[in-house]
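First chain A sits with chain B, and in the next complex the same chain sits with chain C.
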Partner chain A sequence: MSGSTSPAAVNATGIGRVFQAKGGPVTALDGIDLRIEPGELFGVLGPNGAGKSTLIKILSTLLLPSTGSASIFGLDVVTETARVRRIMNLVVGGDFSGYGLLTVREQLAMFAQFYGLPYREGMAKVDAQLASFGIDDIRDRKISALSTGQRQKLNFARSFLNDPWILFLDEPTIGLDVSAARDVRDRVRAFQAEQPGRTVLLTTHYMAEADEMCDRIAIVDYGRILAQGTPTELKRMVQKDALFIVGIDALPTAMSIDALRALPGVISVAARDADSSDPSGVGSPMLRLAIGLKEDAALGGVISALAAGGAHLQEISKSEPTLEEVFVQLVGRGISESDEVSNG
Partner chain B sequence: MRPFGPLRGGAADAARSLVASARLAWAIEGNWAEPIYLAAFLIVRPLAFLGLFLAVLSIGGSLNVATIGFVVIGQAVFQIVSAALEGPTHALLDDRERYRTIRYIFATPSSLFPVSIGRSLVKASIAGFSALIVIGAGILLGVPMRAGGPDLLLVAAVLPLGLLSVVGLGIVLGGLCVQLRNDAWSYPEAVSSSVFLLCGAIFPLEVLPGPVQNIAAALPITWWIEGLRRALLGTTSPGILGTMPTNELLLILAVGTAVIWLISPRLFVAGIDRAREKGYLDRNTAS
Partner chain C sequence: MGNSVVGAEATALISRIHQEATWSLGRRIRHAFASVLARAYPRVIGAAREPSWLFFDLVFPILGMCSIVFLLRSRGVDEAWIGSTILATALLSFWISVVWMMGAQFHWERDSGNLLLYITAPVGLGAIALGMAIGGALGVVIRAVIITAAGVLLFGAKYQVADPFLLALVILAGVAAMYSLGVCLSSIFLISGREADHLGSLLNEPMQLLGGVYAPVRSMGTAGVVALGILPLAPAIDALRQVAVPQLAATGILPVGVELLILLVMTIVFGVIGRVLLAHIERVGRAGGKLLARAD
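For the complex of A and B:
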């Protein structure tokens, strides 16, 4: 897919949304600018009440923006809703939606009709999705009898029926156990891999999920995007330089910490700790050096210098900040604290 | 330009949605743990109301086969009227508050319009069973039916027009009530009860105050009921209803239904658009 000729999967400019509440107007979104390219898995990370769901509702045509404009693959979400709805789908996590009295297959068949699929094609897709999500064995079970995980798999199966170009996932793994959440994430990845250009917009407040899945992430709070970029780029905002932990048996007698600091590309060197719990398990002491580098490639020079001095290398690992640390720096509080603020 | 796949489309979408929602409505309406309870609801409830009205007429000293026939047809038709008026609102609020599926349906290419109509039509059809029970009770009570059997041509003309008119009105109520909280569930019932009093279902229009009679005469439901009385009983109602020639009655019913369908889709869409603008579509006020 050519980026120069294809419209953006999502192009939002100055999206704002104000709700009228009893206590006065509440700003849920405040000038969101967003561009997501086809094929991306884009994450919107933020605490409860940050505006993530409102953004998805606007982009999926459920809600009108108060200000700004947005398009999905070039189709305006306000004026071209019928066309937008043909190329997108939506899954919201944590809800218990569904007609409890219908069977799994009946509900999917009904939605296949709503998506405008001819009956035979629709039923073929229903059966394919049942198999794909591993819920073929419960096809005739009433929805009221499904577990939370099964319901969410059904919800995902529904969302794939119309072969959406873009899938909006609003906290899709919330309330799921580890295994079910992993299944869902795997299926989303497979969905994108099956057809180049399929785009996913995922909102979550699970840092690890965002880090693991997303090509790019926007961190939002109080209706504003505070930062966006790849997970690596966001982490670089907190930690500009590469930081490696190098474990050696001991510092060579002819070499000082200052000598290491003087090596090309080295910014900082600090002895973190010395202990006897080296990974080889032989009980010999190990010195860990925290080495800050201008770039990863400078590590080679450091290792060579240590080896030339007679140090035995026992451990190398790259230390990266977590998205949680990025979030704390940008938002000024942890995501769990943010949720308490929002809920409280 | 597009990354993959054609944009589907086609006029058959609405028909598919209507059929799919009708199937759903059938499953919902028929979802009684024991069929005997469903049957009891469809039989006992309308007969109880019929008995109530006849008891009132009896106390007033005006109970005879003519008045029983008048009330029976009015009561029978109203089973369908109330179901069709309440159907779209119940469907929309149930999907929003109870099943929590409205966001997923709204986000499909299908409009909520055919979806609501499909649900409403099935509700009205099931209520048709109650209507037949009421008419059967009338026959057992000695109500003289039209000599030579029902005027099927008139039934074929009046029944679809009347049904269309109430479904159209129900759609307007649905578009209005989706903007309200969960307790809007009972509002169409209030409208339905008001229409019941106005449209000559249980007493002649002359009983109503003069200006209200004009409102009653403007309701297609009034002429639907009168048309069915003529088709099934072979007699006309007393007063102004009875003086209307049948062809003019059909014309009024047709024009009234056409006017409703000229307006109701626009009002429904305007209501849904406002709900979308305000954020009422995807909310839950029940919990």
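For the complex of A and C:
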């Protein structure tokens, strides 16, 4: 990807950022190389303190890099800030910006002017966004009277006003309930679908959100990108072989686990938990076998061997690793543990 | 990869985006003007939305004015000074607005998250500050008129304005110079961080004294002359006293025309310094990483 000559939405080379703190310099970013294609929804996944927000601040012109360079659609974030700001927008999670005395519609109208929209066009956009986010019924409510979810929908509505070509989302669903977070994610997807080329850079430490939304993901920790790729590619990094869970009533007496391992294409076989197939716990017990295969086609031989031995097949499923498992393998700890470390 | 655009299509797209990112001078001017009005709006509408604010903004200045008037009367001072005190109190309400609603504003905007949105929007901080100033001044006009009316009704103050145009000019020049200084203060408060509140306090009572609210700057000797040169409140009140209360014209330290000129120069100089400081805080903020956005 990095060798592509096609113009990029985001092109960052060797981005580093060092903050001067009382205890000495703190490296927040350490040589980030990143390329995001126009139209991609790119996720940056990492624990608190990994450097996600610092990266977004640099790309959104709020912060200067200590080293390296970055451009947004070919516009340099350091030297062409005014032009970058005309084509971008930003949403920060837990944001309580705005003026409490203004109504929702007035707040959006004010930002429409800041974003350079002619008045009539701006007001039409405001009304369209109010309807789009389902907050038209609170258009005349003061900002100070909004709930957290309503405020974040307002923030998103604001960020869509100028039809940004790139939208930076920094932990945008933090603090939102499940329903509000889903609404927001749906709107982001719809926003991208409306116009090819609209690009989204999302930082999050919610694994499921990153897995569900992102075309590609970079996993960062201590200011470095540890791995990047599509969610499927990342998962393949921790599981290169096919893993199936096969549930049977019992292992045939004439067959051993070792005999299964000896079948063509089989890499590993492990008995997992033996439990009841019946949720009430009264039904016949089931033995689950975790079977690693070189390729999916080898499953047929295993099933045939089990059936020939007299085992009754009760369940077959393909097991895929989660992003959490990818994260643990790359970072060496779970994201929640990482947050605890970051928070002291 | 989802909806990604590559190859020739991407090249065409980026060419289009570059065009959208390039604004003509006319568009930039229209945008700045619209942004000033947009930022002024919350200031103007604020007083109407929260009548309690108007109440508290009026009660305390009027109480302060009453205490000075009663003191003056108890000492048998010429009634002309009563009228002068009322006008000074009215003008003082602009100064208090400058300190707290201009000076401390960016500090508050940073903590609320607004400053981050301003910086990342294609609007300059200069337009935001000018909007704050114009909106703030318009919002205080009602307050100043009510304070003056209350003073006239309560104490029967009388004014002899020979030239209403000159009076309006003095008020306008004084307010412009004060808010121009306010643009500088907004940057200084932001840089001063936690000391912003102390800075605000420093700019209240001592500046009221040096500004000639309680006594003409002429009576303060060298301090009065210095105040006249750096503090907009001083020439504004001194000129206002000469124009609206002719009996006290002799207490003026300089002719009204000269004081108007001083206020004009202050407006320009503070405006230029303010613009430089705003550019400086954006530069320092982007370099340091702490000035523009609240700590995570």
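Everything that follows uses one rule, which is that the second predicted complex is superposed on the first by the 275 of 344 C-alpha atoms of A that agree within 3 Å, B and C clash if a C-alpha of one lies under 4 Å from a C-alpha of the other, contacts with A are read in each partner's own complex, and residues count from 1 in each chain.
Quick note on the criterion: contacts are C-beta pairs under 8 Å (C-beta built on N, C-alpha and C of every residue); 3 or more make two chains touch, one makes a residue touch a chain.
On a predicted model such as this, the values are computed, not experimentally measured, just so you know.
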If chain A is used to align the two complexes, do chain B and chain C fit next to each other or clash? clash
After superposition on the shared chain, which partner residues are touched by A:Val126: those of chain B (first), chain C (second), both, or neither? neither
Report for A:Glu40: first if it touches chain B alone, second if chain C alone, otherwise both or neither. second
When the two structures are overlaid on chain A, which partner does A:Gln192 contact: first (chain B), second (chain C), both, or neither? second
Looking only at contacts as defined up top, I'd like to know whether chain B or chain C touches more of chain A. C
Per the contact definition in the header, classify A:Ala157: touching chain B only (first), chain C only (second), both, or neither. neither
Contacts of A:Asp215 with chain B and chain C, given as first, second, both or neither: second
Thinking of the overlay built on chain A, is A:Met88 touched by chain B (first), by chain C (second), by both, or by neither? both
On chain A, what residues does chain B touch that chain C touches as well? 6-7, 19-20, 38, 57, 60-64, 73-74, 82-83, 85-90, 92, 95-99, 101-102, 106, 109-111, 113-116, 158, 165, 196-197
Complex contact set, residues of chain B against chain A: 1-5, 7-10, 12-13, 16-17, 19-21, 23-24, 27-28, 31, 99-101, 103-110, 115, 276-279, 281-282
Residue positions on chain A within touch of chain B in the complex are 1, 5-7, 19-20, 38, 57, 60-64, 73-74, 82-83, 85-90, 92, 95-102, 106, 109-111, 113-116, 158, 162-163, 165, 195-197
Of all residues in chain A, which touch chain C in the complex? 4, 6-7, 17, 19-20, 37-41, 53-54, 57, 60-64, 73-75, 82-90, 92, 95-99, 101-102, 106, 109-111, 113-116, 119, 142, 158, 165, 192-193, 196-198, 215-216, 230
Okay, in this complex, where on chain C does chain A touch? 1-7, 9-11, 13-14, 17-18, 20-23, 27, 31, 34-35, 37-39, 41-42, 45-46, 49-50, 112-114, 116-123, 286-289, 292-293, 296
